[in-house]
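To keep things simple, chains are lettered A, B, C and D as they appear, and every chain counts its residues starting from 1.
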Amino acid sequence: MSLVIVAGAGPGLGSALLSRFAEGDYTAVGFARTATQRGPFDIRQVDLTDSQRVTTAVSALMEAHGPPKIVIHNPAGLLIGPLMETTQDDFENCWRAVALSAFILAQAVVKPMADNGGGAFIVSGATASLRGGARFAAFASAKFALRGLTQSLAREYQPLGVHVAHVILDGIIDSDRSRAWHSLDPTRMMKPEDIAEVYWQLAHQPRSTWTQEVDLRPHSEGF
Amino acid sequence: MSLVIVAGAGPGLGSALLSRFAEGDYTAVGFARTATQRGPFDIRQVDLTDSQRVTTAVSALMEAHGPPKIVIHNPAGLLIGPLMETTQDDFENCWRAVALSAFILAQAVVKPMADNGGGAFIVSGATASLRGGARFAAFASAKFALRGLTQSLAREYQPLGVHVAHVILDGIIDSDRSRAWHSLDPTRMMKPEDIAEVYWQLAHQPRSTWTQEVDLRPHSEGF
Amino acid sequence: MSLVIVAGAGPGLGSALLSRFAEGDYTAVGFARTATQRGPFDIRQVDLTDSQRVTTAVSALMEAHGPPKIVIHNPAGLLIGPLMETTQDDFENCWRAVALSAFILAQAVVKPMADNGGGAFIVSGATASLRGGARFAAFASAKFALRGLTQSLAREYQPLGVHVAHVILDGIIDSDRSRAWHSLDPTRMMKPEDIAEVYWQLAHQPRSTWTQEVDLRPHSEGF
Amino acid sequence: MSLVIVAGAGPGLGSALLSRFAEGDYTAVGFARTATQRGPFDIRQVDLTDSQRVTTAVSALMEAHGPPKIVIHNPAGLLIGPLMETTQDDFENCWRAVALSAFILAQAVVKPMADNGGGAFIVSGATASLRGGARFAAFASAKFALRGLTQSLAREYQPLGVHVAHVILDGIIDSDRSRAWHSLDPTRMMKPEDIAEVYWQLAHQPRSTWTQEVDLRPHSEGF
């Protein structure tokens, strides 16, 4: 069975991704800040901003399963606030969680993937990947950074067989937490399992038709 | 069986789309400039730039099958040449084939689709939809026009249930004709059936996750 | 004195452009649908969608003044309305006014400009050049078409010495008419003379630093 | 005399900016990593990635001159290399030099500027601000981050009177260093003084017409 790593395997989209790929006969392993038991999933506690920890976790997996076929970068990191209430630590930690973590992850996996016949590296973007809104100084800057990195990875590694895709998630993902926070009709939220299906499709695009960027939003979402 | 209309049903991608949706249990009907027999497909001769002809053809189909569930806009229209060798007729005909035809088609179908529970309207874009290159005055202008129209349709009709998606085809589509024209390794071309699969996926995205724009290119294509 | 042609020389921005370049010691000539007397300006009645009329008008000017140094494409053409209330004539006329007119104008001037040492061809874009909003099917499609054409012109003619610039006017231009139509505080509108100053600056950029696209909006405008 | 701060006041564009604003009757002060004497300019040694140092330097200037009218963010930071030869320190230092420094600078100046009647905060972007090329993992990611931050600043502070502009420098800036590195005809490079003129123009745009983003490239540059 091929290995898929979901880095940022929180409840919600993270779990839905693990679930989708497990159903599709992958060995699905999650990395998360806290390794709580969640159903049947193999979720390992890995601080994605710590390259030592990421390398160790990836090496252990590769020893057992060989290089991953699919790697998904999906940590959270949303931070909203006025410029003058955003500390330098906020700004830096947001970038570490969102962008540096992708660099560390890519360095740990893309070469073994390329050497092993290729695969897919899929990144979760957001509305803020394309538009720096007021009060999004930290988060938009971090998500822009992630998008720039993703494009560079695509241009360097796609010719070597690693498909790199960036998914713009332009809406609220349905979860207990987002239902509590937003007074939004749940039918106007994106279902984690519907998003996961798109990642599944991207991960299996044939080499003749690779997507670099795709957006997703609820049909009722203004944009 | 639900109806799918492929407007611009030439050999290559047009046929692959008809084929994919027919396999998926749709009544698949093509509109093409010339209605040559091509395998098992129901291809009707319709000049897509003639609103009278389009309306008549769509009405006939709706009488037999009800409003379409899926409509795909996929006419050709590539035109390359220096500005001073592009006649006003060239410029105008390119826009008619590429952009006006989409307006005419949309006016014929999106309201019945919205009134009938929704559906998907999918449009074939190109590299020239995003970048006006030298010698592409006519074609880039027409493809930009098509993209602007598509965005407007999405914003007006998605809240009414009609998903509007724009596919950036950033590469050469494999066909006998393109093999003859381009000295390009066929493994570096997009396979029509691979593209058709993406249209199929877009057409069936659940309302929680609709794509407005997606790009596709061969893994080896520079961009 | 060098010649500047302002195609689309209505009151408001058109007049401000004529005024700014006349002050700067250009022979400033306007083309407008109706050649009403407006102050000191030389405004000629030219239907910009009629290539015969444009060619004749440009030839007459070139005979008297030589090829223009600066050409500005600035016709109006705003059209807003739901898809189903936009007729095919509306859609087509909007494109003719906005995009075809630029093609015709470019064909009449860019080669003589290139052969005569170069110059600048500056185009007025709008918010709808970048975003196809609901109810903007015709106008956004036409403005997108204009932008694609402009990019192609830039890539073909800048190496030959003709600077091609596209100005995104993202806001309401202050005028008697717009004050009557919009219940907007005039301090939140763009002053025609402030816009004209930017066109002046673009027209005189040295070859080492040419702008292809610039946006302008009132400081209070959301975006 | 009003104060302008040029953060990133190296030879080349930095000096040209100091020069242009000094000529225009500003008190022009540069921040640079190393405070070598360069002609008549007041250049202070400030590590832009050290918020303590930046705050101290800005406070000293404000005490003497009041809040700055114009602040320009222009540090270097170019880094090119394959992903696997880019260390985590490279990636992080590039982001610190390019993006974090802008956050620190903005926090030090935009509120006093807004409280003091407004001003302009102008940021130097690059080709890599819009496109993540192969071998640009660090630099493109950092420049994307800077652009996202700049957009957020514009949307938060323009309504408060601080104009925030992002300049895409799409080409090689002429300098002794770039002449030595690139085998490029100097007539195909951007002159620092021509770029500086654009910053001057942006800094003085009236509130009715503010530019958020503008690109600049030599007329001969492909794009």
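Definition applied: a residue touches a chain if its C-beta (ideal position, glycine included) is under 8 Å from a C-beta of that chain, and two chains touch if they have at least 3 such contacts.
Worth saying up front: this structure is predicted, and the values here are computed from it rather than measured.
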Could you tell me which chain lies farthest from chain A when each chain's centre is the average position of its Cα atoms? C
Same or different for chain A and chain D, when you check if over half of the residue numbers at their contact belong to both copies? same
The assertion on chain B/chain D checks that the Cα superposition rotation, as a multiple of 5 degrees, is 180
Can you compute the centre-to-centre distance for chain A and chain C, using the mean CA position of each chain? Integer Å is fine. 44
Expressed in whole Å, how far the mean CA point of chain A lies from that of chain B is 31
Quick check: what residues of chain D touch more than one other chain, meaning two or more? 155
Chain contact graph, described as a line, ring, star, complete graph or other shape: ring
Per the touch rule above, enumerate the chain pairs that touch, sorted by label. A-B, A-D, B-C, C-D
Residue ranges of chain C in contact with chain D within the complex: 155, 158-159, 161, 163, 174, 187, 189-191, 194-195, 197-198, 201, 205-220, 222-223
Chain A touches which residues of chain D in the complex? 51, 82-84, 88, 91-92, 95, 99-100, 103-104, 106-107, 110-111, 128, 131-137, 140-157
